[in-house]
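Shared chain: chain A. Partners: chain B in the first complex, chain C in the second.
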Partner chain A sequence: MSELDAATGDALGELLLAMADDEFVLGFWDSEWTGIAPILEEDVAMSSVSQDEIGHAKALYELLADLTGQDSDSIAFGRSPDGYRHAALMNHPRTDWAFTIARRFLYETADAVRLESLAGSSYEPLANLARKMRREETYHLLHFDLWLRRLIEGGPDSRNRLIAALQRLWADAQGVFAPLAGEAQLLAARILPESIEALRQRWLARITPRFVELGLPAMPAPPLPAPDARTLHGADFGWLHSEFTMVAASEAGATW
Partner chain B sequence: MVATRHPRETSVWRALAEVTDPEIPTIGLVDLGVIGEIAFELRPGGGERLTVDLLPTFVGCPAIEVMRQRIGERLIELGVADEVVVNVSFAVPWTSERITPAGREALRRSGFAPPPEARTFAGDELLAVLPAATCPYCGSRRTTLENPFGPTLCRAIYHCADCRQPFEQFKSV
Partner chain C sequence: MGVKDKVWEVFRQEAEGDPMIHGGSVRAPDEELATHYAREFYGRRQESERLWIVPREAITELDDPDLLKPPFDRSFKRPGGFLIKHKLEAARERAGVTDELTREELGE
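The block that comes next holds the complex of A and B.
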């Protein structure tokens, strides 16, 4: 692909940052389950899934670093909380297991739609990475679809907790598909093969029948993604940020 | 590929074959399929640069840095170029089919089930990624998946009903 003009480069940077921050922040929240998940197998699985997500974030930060000339560690750890661009879905703490599974299901299904589309991106480094990530995310999709079913069939307590969590996260999940400021440039350059709203519609068309199939009550009509879905992060994320930047902040530029 | 190789490239491939996986030292990186293209080029300021593409098994594999370092050290020691660059690449995705027959045998000898041979990954066919495994200890097919997420990103945990051993299988990706 030919050289990007400044506006398209900025827009691409915005897209990469949004995706990387989604994976990074969710990876940190769910890594908290290591050692305290409901069963031992799940300690291992959640650690592995979280490591995948943080690895994906690192690869995306590196694509951004190639674009801007920064280094990926300083992008990952060098920003203040309001500089992060993850969706509001990732602002919540891990809460209970049903909440974690509800969020993972909503995120994994949304991420799958996003990656499928970006596998056809005109920006080759991103298309290559999206194709590779899809192969790994398939395992996540399978795993969390299974857990969704387990919680639904596990009795009234797990079922009710799951439904409550899905309803609580429903509006924030739409924000994974919040439009980006530079979207028009990305579409013109075919870096985004389709509009983000088209992706959201595809995601809804895929998960709505799944909810019906599983006997879940219908979700409320999905609201449009909030304009501040990727910029407003709240106190829980502030706490997580202080945790994951603690080592990097304690000795600037340290390596190990 | 081998027949048309320049002798210098052959020596690079031979040296790369000696670099082993940091976690499973019985398998070399070439047999593991994580080495992509190699290329020599003249540097603008003089001298030659050797570039090696390294294809991670999983994007977040924490062994990548160690592999990169070992490859660099081995090739500098070989003395065929003034500079060695190891480039992590996703242009050609690593898939489980890249493991060579010798690599599959090396895994089996170390107690790891190699990934299933016929892989039918199609993205949306979720079940295709988790086929049955053959026990690396007794060869039984009476095995069950215990956890698709094992101790490393690239391995799943199975249990063999015949020899009653848990074992790990390289995932199909």
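The block that comes next holds the complex of A and C.
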């Protein structure tokens, strides 16, 4: 986009990469349920939702590729693990079903707030994509709210596992709203209609009463997002990265 | 499949105004999950305008051949009514008409 100055373009790139990597990495973790989800129908549903996330990541990588003149596949698969910008919430392996549902609930509710805001972005390609993604994420949100309720009502084992998972993920979930380098430029250009911290407060104001409604214990006071919430990824992500880059790395530059 | 799962029959409409046709079935413990699974199995590829999700036990089945396939010739009960092709041909011959336009006017 020629009308963006270099600093704003870089900042927009960081925003797109953060969002794309969130969707991409989560899509890969949850696609591991294919074949082993609790019931056959859920197996298909979870696989489909995971594919949706990879599709959203692809659309976001393509926006970034348009901006930088790169290729979306090489952005997706061509980086070393430390080049990814997903939030710490996505560093954890899929673990058990309760853990997966806890993470999805935290992520889907956070992503909904982010997309609602970006639907009003001054960067039209991003605003359009956010509006499209919101339509599909509406179903994701319903689906994981539904599972959250079932695990809460499903007896002490599922309820306790869910609560433990929510508590374990609570600090890392804040990292979905970690401040971005160049946020000031994005706000000045109205690419971000509101500060990321304002979005985090809106998300907290939405899920805290939902937890009360569902009879969940209060979460600890939410810490501020860690400064390295989108840059430090750990060994589990290193393993996932080696899995999802395996084919692309087996012959660099191959096309099919 | 959990012990509390039920079978739900799913009907789909391909375009606005089309009839609802049976798509298949899903298993789910309740209406809410059945709706989600129906969407995944019969609606996620934009192939459906609308779905009906019906618990199988709500369906009354009739398959008695004495009621559905009676042994006598009841072809006169079909929407086409009696076969009058041969009567029409005889009438045309008597009148000496054979051209297509007249055949159409005769209602064949």
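Heads up, the rule we're going with is that the second predicted complex is superposed on the first by the 254 of 256 C-alpha atoms of A that agree within 3 Å, B and C clash if a C-alpha of one lies under 4 Å from a C-alpha of the other, contacts with A are read in each partner's own complex, and residues count from 1 in each chain.
Criterion: contacts are C-beta pairs under 8 Å (C-beta built on N, C-alpha and C of every residue); 3 or more make two chains touch, one makes a residue touch a chain.
This is a predicted model, so every value here is computed, not measured.
Participant: Could you say whether A:141 touches chain B, chain C, both of them, or neither, answering first, second, both or neither?
Facilitator: Touch partner of A:141: chain B, not chain C.
Participant: Could you let me know whether more residues of chain A are touched by chain B or by chain C?
Facilitator: B
Participant: Quick one: classify A:133 as touching chain B (first), chain C (second), both or neither.
Facilitator: The answer is first: A:133 touches chain B but not chain C.
Participant: Contact-wise, after the overlay, does A:56 reach chain B, chain C, both or neither (first, second, both, neither)?
Facilitator: Once the two structures are laid over each other on A, A:56 reaches chain B alone.
Participant: For A:251, using the defined touch cut-off, is the partner it touches chain B, chain C, both, or neither? Pick first, second, both or neither.
Facilitator: After superposing on A, A:251 lies clear of both chain B and chain C.
Participant: For A:116, using the defined touch cut-off, is the partner it touches chain B, chain C, both, or neither? Pick first, second, both or neither.
Facilitator: Touch status of A:116: first partner only.
Participant: In the overlay, answer first, second, both or neither for which of chain B and chain C A:213 touches.
Facilitator: neither
Participant: In the overlaid three-chain picture, which partner chain does A:44 touch, first (chain B) or second (chain C), both, or neither?
Facilitator: So A:44 meets both chain B and chain C here.
Participant: Which chain A residues are contacted by chain C in one complex and by chain B in the other?
Facilitator: Common to the two interfaces on chain A: residues 41, 44-45, 48, 139, 142-143.
Participant: Mind listing the chain A positions that touch chain C in their complex?
Facilitator: Residue list for chain A touching chain C: 39-42, 44-45, 48, 139, 142-143, 146.
Participant: Hey, which residues of chain A end up touching chain B in the complex?
Facilitator: Residues 41, 44-45, 47-49, 51-56, 58-59, 116, 124-125, 128-129, 131-136, 138-139, 141-143, 145 of chain A touch chain B in their complex.
Participant: For the complex, give me every residue of chain C touching chain A.
Facilitator: Residues in contact with chain A: 1-2, 5, 26-28, 32-33, 36-37, 39-41, 44.
Participant: Can you list the residues on chain B that touch chain A in the complex?
Facilitator: 58-62, 89-91, 93-95, 121, 123, 126-127, 129-130, 146-153, 157, 171, 173
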